[in-house]
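In order of appearance the chains are A, B, C, D and E, and numbering begins at 1 in each one.
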């Protein structure tokens, strides 16, 4: 074969559609770069896409199609934790490496050998947020949490990760309120928070609920600083929160302004997004992660001298897996990255603060710090 | 067989089981929007049994169905006090309560979901689907099927003809729950992982749509409906982001042409090669 | 009326809807094996009497005794097991069932146990119950419509199907509410002959409501006349026809108009 | 108002219910349509009212071809049908049902008086004025259907078995009423009736349908004397059992 | 406030099911269209009142399209069947929105400076209050229309038996679209109010609210407009109270538990009078 195939499981319809679309742009950029640099062992990379519509069942069908029918070397995605949960067992059975760019549910990849995630542990990320706040001497004496309970990541964030790490940093936890991911009216929760104003409000939720919460907090006149894990990191968050987001501090694994490489990537990305009809101010951490996944695969395939010969497919897939899992920190777009025992990436963390509808970098922490 | 095809067939088989779960109550005039709730009970119960007691899925899945059936039986009497859209809403509420309860049930993982170790493949799933289909077909070849329709059409008269209306309603509801539970068990054991969010109202609604789209008057309807709803989006893959737009448009157009669903009772009679009353009358004329 | 051996006795039965007394202190007996007519003006309560006997509504006071059993205390569903079957004034067939299936529903009270319910009636060739139903349709001249969906059949045919369905219960007492409505005189005559023959052959006692006085006169030995929920007259058709009250309330001026002779 | 029907066909899928029927109802005329069960009488009336599409043929009202008109337009042109099976609106009260009869009318002023007139003719209805129509007895529903039909101020009224379920006395009254309206207002009537004797007594002309086809037409006296018709529709002639006097 | 949005969606639904016996699942889609169009028009520089009005027009037109392809064809179909088409319209609307504007949550700018009204600790936003008042007035007018007028009687006849309605001269091909337009206006208005108050919209915003709207309608007793309002407020309150006292974990259990309980105690909803009982 003159080409080596990579599968791409993306959610072309449903609630992740837009995120998936920008991911595709990032993946395409990476593939072009690799091919421009001579491909893998002289062979070009080619992407075979499968739309899961964000549905777990279809993710499984996708894995089987890509692995068994298209005989891809490895799979980029799936996107969400829900899809990963059912796709990883299927990938394990088919013996094909898969790597998610967004799933961050705790310990999800741990039971699998072929399932990897280019995302970082939320605890590790948030610890660095508190570290930066301390370094910058921001007020952190009192804290509260507000989190969604019907989504496992948000719930773990709100019940365990945020309060424990805040307490460890010396913050006194005062209040905790809960809501549902879909809840639109957070007035009741906010008035409860407002009854006992705190310096920090830790948010455990996705970006949408965070936007709602920020707006309601400001509407009711709460001045506390919002802090969160990477669950609310979204490249457009600053635009969406507007003035109500001022002071919000979050960790992210990708920050466009961090270095030249990132700047160049982001500029190109924004250009391509625009060409595809998407107004973006920057790339999200998922886009960067998707981009890096292609680079990891290319690296591992080169390293393993993968030929793409159908007869050796199973062996070569396993080789790719083994190389990835034992890879020394690889100089990726997001920084030097390697994989831990639990299948999740160890990567640098950038701490950013929102000010006037823009993110500013206020701290950088090296991988595994 | 291609992995893709097998994957799609698995979905089809599971959807067929779900469709029959909704069909039984619909045939008796009950729009059950809680099918997903019963599927959840069956799915979680069978997964729990096969994981903790190391039962074979072949035993655990029917047991899951029984568990769902017991829940169905327990709630049938109060829930069936309501009628029509009220019944639909009551079952919807029931399904959501089941889902929300599982979300808080830490034995089975709560919001984190529940991993299932045992794994079943297409042949097993297809066997279950076939079993359920044959069962429902047989059931509708008996007086039971007629009685269910009679109860649906006119409760009062059915009662006066000596039919135990309540018993038939409860039976249809409960049997539907059992089948839903089996569907949930199949899902759990093929996808190796279940979470409460999957068993949401959207699942219930799509299942009900299979039946309404396929036609509620015959046993083939649910089969057809499930097939269209599973296969059509696959066939439309080529249309990229317009896939579901096209899918919905096709549904709308089909319903305009065939408001009674794809297949109706009268058609079945015609398809089976039986002379229609019309041609007979013409002959008699 | 010599009700020496009544199969059915209503004893002081009353029924009110809200403030409206629809049946009041009604007592009458139906002779076994005979055919009794129940007539009266529109809104007199005839259909309501049927509804009370079959249990569509509970009675307010009184007793309804069928062969020595007070069926007023029995749930409506069980009454058909005691041998009362009926048709409905506004036809009530099951619109989604075929003619044959509608008739099969009529058999339910004879074959309704778990075993009966699970018997495959439509798969096995020559199933006893199905054959019986087909034979009944055949006999009623409806065999051609066996598989038709009943909703689209003309009114007159639906009426006849309902009669077959009621007969499938093998009742001892058959209640017919306006069986001849919608039939022309020739059809009415045919129907009357059929009913007479069936009741004679099967020993069925008949209670019929009908506005066609020729039909009632030819079919019934006894007639009970209701007005405003009360009995205003009873006796033979000839006797009742003479009654001034009946003529005033029910028959109207030209009650005696004869049929056209050729 | 004059109605002319040319070669009308009605089909329900593969059932060919009316097969090329032609008939006329002249201004101020009472015309009866007779036929056995399933002959296609109701289908004919439904097609004339636009409730079923005419598969072939033309319907002409005065000089207008109304074959494709929607029903509402026919109602506004003073065509009315008292349908088979009454079709009472059970979730409305008796009074509201009557008001519905006048739905398409522009001259609302006289409606109240006309309703009062209906009530005086059918005291049963007056007594149940505010009851839901669902509780009415069969005959009362029939009265309501007739009353409702009259309230649309028809110039041509089609009645599908108006005497169905009415007591002998009321049947007479209804027929008398129809005759009276015909004479006093010149209301044209197209009457489908199983009570053949009564219908022929009232009608100026009659048609006979059989299996969707017109098989006979003419004056009532002529039809009455036709032996085949007598056997099929009038019953054996000998007056039985009833006592004269 | 959310209660009044539920109520308006509930009214739109109840209008459709009560008057036309049509469980119209596209209503949540029209709600979304109302919200998304408001955002779109404002983004293109329209002042908010104009944007709101345009959004209403878009919503009403969408509802008309739904009528053209659903009710018109299946008015005599078996119960529940139209659910398929109306659900298909919901899928269609959502996926069209995703295809054109992406699946993101979109934010609207702050439109009313500081329009909040503070009483003690309570913050009530004036636009929310106005929205509530507006919806009550509109709903009141609608209920008068239905119970008093000729059109109302005509609609009730259509509800029971559209063939009879036709027979009596009701021009259903003109009246029914009006009902759809009114329903569409209510749903779209709810969407506009939602967009202006919560300042965020996205293609799937209809689903969750639509379900609450259906609950509101049914709790209130279907076909009863005031019931829909009461139902909306009850659901909204139950939600708020259980969040306050039980936490979000139990919101669904308590709200839906309440719903189930109400239905078991009163199988036709709180204000759903037993409909005219059929007789044998």
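Going forward, a contact is a pair of C-beta atoms (placed from the backbone, for glycine too) under 8 Å apart; a residue touches a chain by one contact, two chains touch by 3 or more.
Values in this document were obtained by computation on a predicted structure and should not be read as measured data.
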item	value
Touching both chain C and chain E (chains)	B, D
Identity of the chain that, by mean CA position, is farthest from chain E	C
Whole-Å gap between the CA centroids of chain A and chain D	75
Distance between the centres, which are taken as Cα means, of chain E and chain A, whole angstrom	37
Inter-chain centre distance, chain B versus chain C - centres from mean C-alpha coordinates, in Å	41
Whole-Å gap between the CA centroids of chain D and chain E	43
Contacts with 2+ other chains: residues of chain A	13, 17, 149-150
For chain C, residues contacting two or more additional chains	47, 54, 56, 88, 92, 153
Sites on chain E at which at least two other chains make contact	95, 98, 249, 251-252, 278-280
Touching residues (chain side chain D, partner chain E) in the complex	49-51, 70-72, 75-76, 81, 83, 87, 89-92, 96, 99-101, 103-104, 132-135, 148, 152
Chain C residues touching chain D - in the complex, by the definition given at the top	17, 40-44, 46-48, 89-90, 152-157, 177-178, 181-189, 211, 213-214, 217-218, 237-238, 241-242, 249-256, 258-262
Chain C residues within the chain B interface of the complex	54-56, 76-81, 86, 88, 92, 94-98, 101, 104-106, 108-109, 111-112, 116-123, 129, 144-149, 153, 165, 169
Contacting residues of chain E [partner chain B, same complex]	17, 23, 25, 69-70, 73-74, 76-85, 87-89, 91-92, 94-96, 98-99, 207, 211, 214-215, 218, 222, 249-253, 256-257, 259-260, 263-264, 267-269, 272, 278, 280
Chain D contact footprint on chain E (complex, rising order)	150, 153-154, 156-157, 159-161, 163-164, 166-173, 275-279
